[in-house]
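Here is the structure we will look at, set down as structure tokens.
To keep things simple, chains are lettered A, B and C as they appear, and every chain counts its residues starting from 1.
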Amino acid sequence: MSDPLLPDPTAPLTPSGNLRRRQAVSRITEGAATAAAVVALAALVLVLWTVVSRGAGVISFDFIFKGYPEGVGPMLLGTIVIALLATAIAMPIGVLVALYVTEYSGAKGARTLKLILDLLNGLPSIILGLFAFVFIVEAQEKQTGFAGSVALAIIELPLIARGSQEVLQLVPINLREASDALGVARWRTVLSVILPSALGGIVTSTILAVARAAGETAPLILATSAFDPKKFSVNPFEALPNIPTWIYKVSEEGNPNGYAEAWGMSLVLVFIILVTSLGARALLARSKRKLSS
Amino acid sequence: MSASASAARAPGRGAQVSDLRKRADAFGDRGMFGICLLAALLAGGTIFLVGFQIVHGAVPAIDKFGFSFVYDTTWQPNFGRFGAGVLLFGTAVTSAFALLLGGPIAIAIGLFLTLLAPKSIGAVIGPLVELLAAIPSVILGFWGLVVLAPYLQEHVEPFLADKLGFVPIFGDPQTTGLSVFTASLILTIMVIPIIASISRDLFRSVPPELQDGAAVLGSTRWEVVRGIVLPTTSSGVIAACILGLGRALGEAIAVSQVIGAGSEIKANLFAPGSTLAAQIALQFPGALTELHKAALFYCGVILLAIGLAANLLAGWIGRRFSYGGAVNW
Amino acid sequence: MSSSVPSRVRIQDKAPAIPVGVTETTVEIQPVVAPELVFDSREVSIFYGAKQALAGVNLGIRHGQITALIGPSGCGKTTFLRSLNRMNDSVSGFRIEGQILYHGHDVYGSSVDRVEVRRRIGMVFQKPNPFPKSIYDNVAWAPRNLGLRRGLDERVENALRGAALWDEVKDRLKDSALGLSGGQQQRLCIARAIAIEPDVLLLDEPASALDPIATGAIEDLMHSLKGRFTIVIVTHNMQQAARVADRTAFFSLETAGPKPVGTLIEVDETTRIFGEPRDPRTRDYVSGRFG
């Protein structure tokens, strides 16, 4: 009548029936999940440990500020210039795209734009390198930092647009309604009310986008890799020295004597990226919380 | 409207000022709409522009080789003969490996972060896993070249070749350790944080009422995961995996640093190989003939097609089958 | 009141009939025994961090009966209910003092397996929470886990019949449970719970999210479930408690210290609680003067 697998209610509350086996299975899977997390952390620690231990010894004042071969100052400077130029291109366009989605487009337009941004985000960066090569480098018949910046701007654009859009959407709708009720024109509302309240999120999205773009090598390989490492330059219309392509060059040459400086450059690059990533993410979370409360 | 209100307040001069303001407002509104629309069109146009330029650059190779380029395995720049067969094979093998190994690990990490770890630990480990994604690929590749490859070549590959050598994929190791295997492992590391962070968001979104409902039926933690959490998020998790796959497919730099630039299709994982993306990175800077460059553009066309397809597929799956939350960017 | 009688004796609510025509009779008086204690809570106090939610609850739940927990909002009745099957464990800062004995075993003992506790003590929540699966799979899921695979179809049917849902869904067992109405979903949740034949059913305001007709169906259901399971039900609805429960426990907020704490005021047969309660606070509550 009743299944022999039913527990006796008056028995102690220890596992009955098949529970012992099922708990064992559950514990094994929990162990596996923990192991997976450990694996990922181990990879992170191993890589960072290598970068820090092999790169720290090379870092010095000369390393950061002098030209090759005493230091990698030109590469550092060039990376900054290329990144800034890319952001100068991508940020206005990204914010405007985000504004279009939140202020003007209907549901269909918003979906289309989200699709476009997703596709842009999914473009392999080597493709963008090819694009920069054929679109700009060939046209100007020389490699330029500008070509690299354009490719990096395409990488930054979807990140800035999406991040800005998320923050703009959080601006309470009653702010807009109040402005409308007072008869204030849309564009004034946007400039004086909406953008300022979303500014924190926009800035941090931009910083995150820069952190991502600063580490990209593929777009720069074809656009700005043949440079003179001794010269400090801020002119984007010639091939600007930069860190990622130099590290790549060192790794491909296979000469271990050059490895130390590559590790040093890696440490500088990783440091900048990680610090800005973590800081920006924390700030972004904070400004989102502020807006949605 | 405010115009008439201000006019009523101060006739004459008031009417003049409000008229100017009205014109400025109309102009400003149209202008703002205009530049926002322009930006949106620019974003959309960029995709087409990039696509067009890549295809355009590949035309000489498409003309010469046609569709056979896709399966032909000869790649000889000196003789002007190009075929992407080896590259497609390498792309497929490395990406599949990364997905098959990295996918489950990443999903397990997602489960760990949402259901297992106490909040305080999860709050630390979550960002650390995302940090893995922030490491530039050139540095990861450099590490693979200098640290991982020698280690694998010395300790792991001989062991595997010895014990499992009857399986063709575990053949004789290279002396350098630069191989499809090393590249696959590097790609696995790159793929894990992407899938893990999306999975984590998906698992977090499973309503606690459903999990409570399963718990009060006397089910273990794993049974709640297997019966409730995973089924309700399955489409999103699959979409996340495809996104990770897209990342692996397009990775050029790190792969090129550790894959050994092989030119033959080999079953042996420990042999060198190449992928579509890596080949472009390795050979384009030094390509001398127009045909060579065009052949590499052709590789780019294939890469672009696969990459866009993966992206679209991920989005479609996420939207179509989602219960509750799609993969929300 | 008790003697050496085997446990699980039902209270006889009718005297045995004396056959007509018999002049000499020996009437056997069945001793009236209280049913066995399923839950015995002794001086149970519950804290969430620094805040105390319940103070010194001494309450017995008896086998085969329906015990209702009534009282104003926030007086700790749901907290108490959820403590019976350890569903408060995941709430941060949860701490319990005193003992909750289930058939004499401490529910919070060190060797106790939480999953085993929940297997024997089932629960239905206030808001129906069917799984996004078919109706059949909703009911069959837990039995499958427990290894009760033989006669699964029969088990599902019995559970659905027991929850008064079978006739409405027997032709669409493969349909998604999410397509059912609120009242049907709640009965499905009840079917789900009874499919694994627990010892106890805890119901947390099971009808409060439902319309009056669905509420009536749930109440009828409870009468039919009474003998098979021990039932504890938390309800805001006093009329419901009066209709359905054998015994009723009245909780309220009392200011014992700096902050008000949930306290058990009185527990007795339902007829007494609503007829002639001993405590003036109970009298005030059931007569509608507050809460």
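General remarks:
Please note the rule applied: a contact is a pair of C-beta atoms (placed from the backbone, for glycine too) under 8 Å apart; a residue touches a chain by one contact, two chains touch by 3 or more.
Quick caveat, the model's predicted, so the values are computed rather than measured.
Counting only chains that touch, the fewest steps needed to get from chain A to chain C is 1. Inter-chain contacts peak for the pair A-B, counting C-beta pairs in contact. Separating the centre of chain B from that of chain C, both taken as means of CA atoms, is a distance of 52 Å. Note: centroid distance chain A to chain B, computed from Cα atoms, is 13 Å.
The multi-chain contact residues of chain A, meaning those touching 2 or more other chains, are 19, 22-23.
Contacts with at least two other chains are made by residues 218, 220, 223 of chain B. Contact with two or more other chains is made by residues 115-116, 119-120, 145-146 of chain C.
Residues 38, 102-105, 107, 109, 111-113, 115-117, 119-120, 145-148, 150, 197, 199 of chain C touch chain A in their complex.
Listed in rising order, the residues of chain B touching chain A in the complex are 1-3, 5, 24-26, 28-29, 31-33, 35-40, 42-44, 46-47, 49-50, 53-54, 56-57, 104-106, 108-109, 111-113, 116-117, 125, 127-132, 134-143, 145-147, 189, 192-193, 196, 218, 220-223, 225, 243, 246, 249-253, 256-257, 277, 280-281, 284-285, 296-297, 300, 303-304, 307-308, 310-312, 315, 329.
Every residue of chain B that touches chain C in the complex is listed here, in rising order: 207, 209-210, 212-220, 223, 227-228, 231-232, 323. Those residues of chain A that touch chain B in the shared complex are 19, 22-23, 25-26, 29-30, 32-37, 39-41, 43-44, 46-48, 50-51, 92-94, 96-97, 99-101, 103-105, 109, 112-131, 133-135, 154, 157, 161-162, 182-183, 185-188, 190, 211-212, 214-218, 221-222, 225, 244, 247-248, 250-252, 259, 262-263, 266, 269-270, 273-274, 277-278, 281.
Residues 2-3, 5-7, 9-10, 12-19, 22-23 of chain A are the ones that touch chain C when the two sit in their complex.
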